[in-house]
Amino acid sequence: MTTSELKGGPTQPEICAVAVDKLGIRPGDTVADIGCGTGTVSIAIARTAQRVYAIDIRPEAITVAEDTIAKSGLTNITLIEDDACSFLQESERIDLAFVGGSKGLPRILLLLAEKRVRTIVVNAVLIETATSAINTMRALGIFAEAIHLQVSRSHDLAGKTMFKPENPIYIIVGRCVSY
Amino acid sequence: MTTSELKGGPTQPEICAVAVDKLGIRPGDTVADIGCGTGTVSIAIARTAQRVYAIDIRPEAITVAEDTIAKSGLTNITLIEDDACSFLQESERIDLAFVGGSKGLPRILLLLAEKRVRTIVVNAVLIETATSAINTMRALGIFAEAIHLQVSRSHDLAGKTMFKPENPIYIIVGRCVSY
Amino acid sequence: MTTSELKGGPTQPEICAVAVDKLGIRPGDTVADIGCGTGTVSIAIARTAQRVYAIDIRPEAITVAEDTIAKSGLTNITLIEDDACSFLQESERIDLAFVGGSKGLPRILLLLAEKRVRTIVVNAVLIETATSAINTMRALGIFAEAIHLQVSRSHDLAGKTMFKPENPIYIIVGRCVSY
Amino acid sequence: MTTSELKGGPTQPEICAVAVDKLGIRPGDTVADIGCGTGTVSIAIARTAQRVYAIDIRPEAITVAEDTIAKSGLTNITLIEDDACSFLQESERIDLAFVGGSKGLPRILLLLAEKRVRTIVVNAVLIETATSAINTMRALGIFAEAIHLQVSRSHDLAGKTMFKPENPIYIIVGRCVSY
């Protein structure tokens, strides 16, 4: 299985750039990439963070991510084939979390809020997931902002330029105040 | 050849609705649909206008449009396989013009301005065509407004809803002041 | 109070054109405009429909709409200052419904589904309202499609052209199969 | 004069994140920020690059940027109050260039192409500027891609969420092949 065959495919570079910017990564941070898929976002995060835990419950995602991460040459990413909630209940300190997968989102957000994760960034393509993320974050008192991002990309048409749109995405950001 | 096989395909219904609204059609109007393609826009215009001249230089467009128009049951559309400029130079009064094709656009706009066409609506997918339409209309003193339209359409994903974008379009509107 | 002072303001012409197109109005139709606000959409509908009931619970909306409708010269719009649900429970046949206001939306959709209204078009600016409309329509088995519409409008900047975006809108469409 | 008073205002964080990502900055790079305005982009670039030359011909931009840069604590940004072309003609090696200002763009792009700058990123709000950047880069054989970016940002409306759009932007990327 290759990167583009994995369901969802790799995160578009522009979406990745904005999501990583929203995280506000500091050099010493430990970051969880929940539903890491192809590992594209993990790699972008690992360029600044100290350690990245890339979690996915799908064995085929782990296989693809393993390959992508190996090619990147980065050594500070740990791949974990597990359920996100199990991982979060057992894990030590997590400074930041990126959530690319939507399964069990409310419970994941609750666990992240309990851990006082500094910033949580959720990427959602489904309007139901976006609304659920916003509602849950509002209920937990950690909602910071949401963004709707529409990227269109130039395509050559006989030497002229048309713009073809990528799928729009919601980026929802939560912030926990530390005690 | 079917509607969807013709280069460019039929105009999206939302784009069509906005473009027709911009024309501001009155019941007695004669309208030119320049680069009529599949005839979709001609049909929408013909529901209100008195007469529509649907012009396309491509024989395959005329064949497809003929079929679509026959199915619509409308009898006030005249199909013309010709170059737009030839048609405009010989035609009598034209009240409104919709321009879907971009070939020879500056000259078409000049001819339409000379004929004091009440409203001209240009649909453009290429940024170069949009800019050329705006520049030419500004130079002719007939530029009214331009719109960038991005429609995304719901798709079912396991009972949930994602939005997939259609290609964005520029709609450029010119208005001639009548003497 | 003027049109632009009423909360929400008038529906943008492009949004109005698309929403009215989605309704699929036939000449003999009776249409309910629920949460009619300034009356802009009612007027657009009344140009084709036989009768429009424009309902708003806010006295200030009725005052503004009264004025706008009078100026339009149309005589087939009946303004009703009432709660939408009360109106729907007592009303006779309704062929189509446009819902611009979001208060009590699930119950309004239930009543419209019970009345076998041919097409329901909901305009929503809030993501929660859009998701609620989609969910309720899915539950009622009447969900047809949803659209996300982003219109940007040209503004002159020293003879050049920048595009300023209007607020994006969700248009959700339901269709009842008649017995 | 404050940041928000300077014409154009600071670059939106999402736009900045994407533009900087497109540059592909390497730690040893020298970068020119042409038409630096408030200095927001210079600061983002300077976090990775070795040296940033922030150029603006407007004294008021230099004043604002001076203040913003001082607050950032970064010491690898050199502010230059000069015409971009004069600067480029006299400057030594430049690895990357970000162009935020549009004055004299074709000539700036020509000079950057002659200097074999690795990547050029142009941000444009005007459709004429975007088209000019694309055309010039195509003519110079350095056009890589163009992006249209539409960011909408959540606003609270009585505990619910509406999305208000920022001005859309074109990001045009050129790449020179080095000998």
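The chains carry the letters A, B, C and D, assigned in the order they are written, with residues numbered from 1 in each.
Assume a contact is a pair of C-beta atoms (placed from the backbone, for glycine too) under 8 Å apart; a residue touches a chain by one contact, two chains touch by 3 or more.
Computed from a prediction, not measured in an experiment: that's the story for all the values here.
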When A-C is set beside A-B, which has more C-beta pairs in contact?
-> A-B
If every chain is reduced to the average of its C-alpha atoms, which one ends up farthest from chain D?
-> C
Per the centroid of Cα atoms for each chain, what is the distance between chain A and chain D, given in Å?
-> 27
Round to the nearest whole Å and give the separation of the Cα centres of chain A and chain C.
-> 37
So, in whole Å, the Cα centroid of chain A is separated from that of chain B by 43
By the touch definition above, chain D meets two or more other chains at residues 127-128, 134, 146, 148, 150, 152, 161, 163, 168
Determine the shape of the graph in which chains are vertices and touching pairs are edges (line, ring, star, complete, other).
-> complete
Can you list the residues on chain C that touch chain B in the complex?
-> 13-14, 16-18, 20-21, 134, 138, 145-154, 159, 161, 163
As the complex stands, chain D meets chain B at residues 127-128, 130-131, 134-135, 146, 148, 150, 168
Over in the complex, which chain C residues touch chain D? Could you list them?
-> 125-129, 150, 152, 157, 160-168
